[in-house]
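There are two complexes below, and they share subunit A, which is joined by subunit B in the first and by subunit C in the second.
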Partner chain A sequence: MSTHHDIAVIGAGPAGGNAALVAARAGLDVVLLDEQPVPGGQVWRGKSPSIHSAPQTPESQSGDALRQALTESAVEQLTDARVWDIRRQDDRWALQVLRNGESHEVAASALILATGAREYVQPVPGWTTPGVIGLAGATALFKQSLTLPGTRTVVSGTGPLVFYVASEIRRLGGEVAAVVTPNTRGEWARALPAMAGQPRLLGRGALWVADLMLARVPILWGHAISEVFGGNSVTGVRARRLGENDPGQEFSADSVCVGHGLIPQIEAAQMLGVHILHDPALGGWVPEVQPDGATRVDGLYLTGDGCGIRGATAAALQGVLTGARVARDMGKSTHMPSLRPWRRAAKFGRAMTALSQPRASVAALTTDETIVCRCESLRRADILAEIAIGAQSTNAVKSGRRAGMGPCGGKYCQTAIAALIAAQTGKPLSEIAPPTPRPPLRPVPLSQAAGDFDYDDLPIPKPAPL
Partner chain B sequence: MTQAIPYDIAIIGGGIMGCATALRVAEGGMTAIVLDQGDLGQGASGVNAGTLSLQIKRVKLMPYALRGHHLWEQMGDAVGFAKTGGFTLAFTPREADMLHERQTLKAEAGAPIEFVANNRLRDAEPHLTHKVQAASFCAEDGYANSSLTGRYYRGRLQDANIPYREGCKVTAIKEGAPFELSTPQGTIRATRILLAAGAWLKPLAALLNVDLPVNARVNTVSVTERMPPLIRSVIGHATGLLTMKQKANGTVLIGGGWQGRGTPQEGRGTVDAHTVRPNLALAQYAVPALGSARVLRSWTGFEANVPDFYPLAGPLPGVPGAFVLGCVRGGYTIGPYIGQLMGDSILGREPEMPLFDPGRDFEKDTA
Partner chain C sequence: MIRLVPNHAPAIRRSEKVHFTFDGQSYEGHVGESLVSALTRAGHLSLRGAPVDGAPRGAFCCMGLCQECAVIVDGQVVEACRTDVSADLVVERVR
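Moving on, here comes the complex of A and B:
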């Protein structure tokens, strides 16, 4: 079974959703696929249907507006849909889509990948203790189900997200034991000029910090969690001042939210032949792509944070640009929007990403015994041993130790492993490429990947030479 | 950056065959260097399904495969070797006939292959489907972990003080005494060269204006997440469309020569969902409980061959001092052994078994 569309958009966040809308308004037949039950992506994530009313936030309002616009549009929405394979077949893209327990094929002439970001957490002793979740993971809890990570939470990490999460925990009635951020006040001060172009976002950030200060929540600048306590569940953390021989201070807590920046999800683009470049201020490895989403691969477009972490505001604007670009390339006369608003938003986003990026002083808190690859329970010492016997690439570490061969496919460990290889070999991070990405894009149950099968249809090949 | 004294030999291609040859010539007193365009053992040597099965070897190559098997067993844990025994299954009367005819010839060639009754098969592999019509068994069969190839040979080369360069693609070869190889890491000079670049032999030989009739199959392998014990032995299919094994860690590796897309000249091959799907379906047909396993990864590797499907192992025609080794059907099993033979030949010794003249007429089915 295959259905053909002009355009398939993977990812219904601010970028993918807007790209789909613009292309559909230009008269194209668009299908929009997303793993979540409703469009919105991570930042504009929709609420669970079991929640009938909740106070609005700027994110929920933006998300509701997008969902409303999509409902009123001609865009075909496939939610709860997991794309596990993409291939070029003659002049079209063929997507294998898992939905309602079955796999079927969706075909389209043009493909827009709006695959967004994932979170990085620098491993420290105890970071795999139950009760530790990511900062971005925490925002998903708030937005989708108004759920708190615990009753008393230490919130730690880089960039603006740490203050947003702490402030949301308080707004939803939780207690924040402390905010621990590797960023210094000086770093934030230096980022101010780049932030000035987005006064609304700047103002919101100032309110988050003000709220925390008024509530006398300890804010530890230039600090990071060096250890999480608790065996089967979190009992507390130690936070240390970075770069100093600081014994640190302990905070009791039953939960920890921690994150060290976002990483673009580039695997699908890589598999389709897009080159990648290293740009730390955009979140690490990013695909080679034009501001309007065009790539060197015929019929393939990329948009939003998957092209580099610039934030939801920039992603929504880039989605509009990409939708218009695709429509024009497909022969529709459409208004080409100005790049300027996107550039302004992107400048802000880039400054936030630069503040958020992983840093050596935090990486130094990983000990030899710290688990680095959680799928395969590999400690830092295991990775270092593999490098010491000659592994010079992430592929070599993966082959030798299975780091990246577990269910996550290396999504959670590769940033830390690349940093270890760089540190041990003296090579810059820009020379330590991520391991070769492998399909499926997501783990897929074998029976569903296999689909219907009739033994008699097996194409029996010419026997191998005897 | 030109070294003062040329190496006795530069080996282009750091897979099993190149590394095994390097180790042999170094034992014989030659100075050698191994060059690879990527990492050691990351081509076919490192991405194949790791099957060490005599049941899928060519009759004439059986003596080589038996010796290769022995070498893998000696490498042992360092390469994840496991001698599990292997069953080859037939699900239809036609497949049963084919199985019988082919495995009889292979048994005559020296592989300890026997035909087994269904009750024995079910005792050994209770999770197998009951639709099996006939099965053969070889107690010598098993597997190794091909992911460990690079790490293993890196260690062996280091121990033997043989230099190797990774990420070192040879872009030009100047004939002469010595040869001069242009690479991104400078010019390498060597008295002899061995082309051991697997599926990349054709473009490599073209640097010397030699046209090797090398084709590449794009074989696909998939792996599941860790599962409870489902199969103990290596499972094959009479048509060759399925190979399957469960590793000690519980993951199940599924292959069978289903074709992906791409060519060596374009870089890495790509998986084709349209061929992976029937491969997985056949695996589930053989072991129904596999249906609930999640597939984590599929990948491809290039298997090189020449029209008569026998190896290239000997002097490169028309280029004195140049040798070629590759295109060995069953190359993972046979590679460590044929590398030794190649090394002996380069050292000027008579190899224990005959090599395969790269200058032969490929249209004739003779070696």
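Moving on, here comes the complex of A and C:
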């Protein structure tokens, strides 16, 4: 079964959702695919049906507005849909989509990837203990289920997300044991000029910090969690001042939220032949793409945080730009919006991403015994041993030790492994690319990937004559 | 104490509570919330053993990527963060 559309958009966050809306308004037949039950992406994630009513937040309002606009539009929405493979077939894109327990094909003339971001978490001893979740994971719990990660939570990490998560815990009635951030107050002060262009966001951040201070929540600037305690679940953490021989202080807690910056999800773009570049201020490896989403691959467009972490405001604006660009390329006369608002929002986003990036002082907290690859339980010492015998690329470590071949497909180990290779070989990070991405892009049961078939229908070539 | 961020917890209205089982034990959850949400609220965080050494693992990314919350429903491995609670749902541990 295959259905054909003018445009397929993968990812219904601020960027993908707006790109779909603009292209549909220009008269094109658009299908919008997303793995969540409702559009919104991570940042505007919708509430689950378990929430009958709850106070609004800026994120829920933006998400509701996008969801309503999509409902009122001609965009065909495929929710709960996981795209696990994409191929070029003649003049169209063929997407393999897993939905309702079945895999089917969706085809389109043009493809917009709005795949967003995932999170980097620096491995430290104990970070695999149940009760440790990512900062981004915590926001998913808050937005979808309005559920707290525990009864008393240590919130740790870089950039603005750490304060947002701490503040959301307070808003949902929870207790923040401490906020631990590698950023210093000086780093934040130096980011102020870039933040001045978005006074509303700046004001919100200031309010989160002021509220935590009024509530006497300890805020440890220039610190990181060096160890998580607990067996079957978290019992506490140790936080240390970075760059000093600090024994650290302990906090009891039943949960930890931790994250060290967002990473663009580039696997699909890479798989389809888009060149990638290393730009730490955009979250690491980013695809080569125009501001309006155009790439050098015919009929392929990229938009939003998957092109570099610039934040939700910039993503929504870039989605509009990309929708208009695709519509124009497909022969529709459409108004091309100005790049200026996107550039302003992107400046703010870049400054936040620069504050959030992984740093060597935090990486130094990973010990030899710390698990780096969660899926295969590979320790730092295992990765170093592989590098020592000659593995100089992420692909080599993957082949040698299976780091990246477990259930997560390398989504949570590759940044740390690239940093280890760089440190051991003296190469810059810009020379250590992520491993070659391969389908499936998402886990898919083999029975569903294979579909229904009769063995008799399988083409079996005639054996070669002996 | 002055709060700049209000406590919204009392203003949240949730769906009815139902029972489901995980690894043979009964838990309560709201219809339509994720299994991770319900089990986290119940304080049950360890969801599976790590594939190689069996060490305890629980929900980590909460967005369907890391596979640390894999559980079994109807004989199929699913992510607990992407599976909704329903009445009498039977959830098993991945062995």
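Going forward, the second predicted complex is superposed on the first by the 462 of 466 C-alpha atoms of A that agree within 3 Å, B and C clash if a C-alpha of one lies under 4 Å from a C-alpha of the other, contacts with A are read in each partner's own complex, and residues count from 1 in each chain.
Just so we're on the same page, contacts are C-beta pairs under 8 Å (C-beta built on N, C-alpha and C of every residue); 3 or more make two chains touch, one makes a residue touch a chain.
Just so it is clear, the structure is predicted and the values come from calculations on it, not from any experiment.
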**Request:** Please tell me, clash or fit, for subunit B and subunit C sharing subunit A in the overlay.
**Result:** fit
**Message:** With both complexes superposed on chain A, which partner does A:S145 reach: first (subunit B), second (subunit C), both or neither?
**Reply:** second
**Request:** With both structures superposed, pick whichever of subunit B and subunit C touches the larger number of subunit A residues.
**Result:** C
**subunit B versus subunit C as contact partner of A:G137, first or second or both or neither** = second
**Item:** Partner chain(s) touched by A:I51 [first = subunit B, second = subunit C, both, neither]
**Value:** second
**Prompt:** Of the partners subunit B and subunit C, which touch A:T235 in the superposed model: first, second, both, neither?
**Reply:** neither
**Request:** State whether A:P443 touches subunit B only (first), subunit C only (second), both chains, or neither.
**Result:** both
**Prompt:** After lining up the shared chain so the two structures overlap, which partner does A:Q42 touch, if you call subunit B first and subunit C second: first, second, both or neither?
**Reply:** second
**Message:** According to the stated criteria, A:P407 is in contact with first (subunit B), second (subunit C), both, or neither; which is it?
**Reply:** both
**Request:** Quick one: classify A:T425 as touching subunit B (first), subunit C (second), both or neither.
**Result:** neither
**Prompt:** What is the C-alpha-centre angle with subunit A at the apex and subunit B, subunit C at the ends, nearest 10 degrees?
**Reply:** 100
**Fill in**
Once superposed, subunit B sits from subunit C at a minimum Cα distance (Å) of 7
**Prompt:** What part of subunit A is shared between its subunit B contacts and its subunit C contacts?
**Reply:** 406-407, 443, 445
**Asked** What part of subunit A is in contact with subunit B in the complex they form?
**Response** 85, 87, 94, 96, 271, 386, 389-393, 395-396, 398-400, 402, 405-407, 409, 436, 438-440, 443-447, 449-451, 453, 455, 457-461, 463-466
**Of subunit C, residues touching subunit A in the complex** = 1-15, 29-34, 36-37, 40-41, 43, 45-47, 50-53, 55-68, 70, 76-77, 81-82, 84-85
**Fill in**
Within their complex, subunit B touches subunit A through residues 38-39, 41-42, 46, 56, 58-59, 91, 98, 102, 105, 147-151, 154-155, 158, 166-167, 223-225, 239-241, 249, 257, 261, 268, 270-274, 276-278, 280-285, 290-299, 309, 329, 365
**Message:** Could you list, by residue number, the parts of subunit A that touch subunit C in their complex?
**Reply:** 35, 42, 48-55, 118-119, 128-134, 136-138, 140-141, 144-150, 167, 170-173, 207-208, 210-211, 214-215, 231-234, 254-255, 374-377, 406-408, 411-412, 442-443, 445
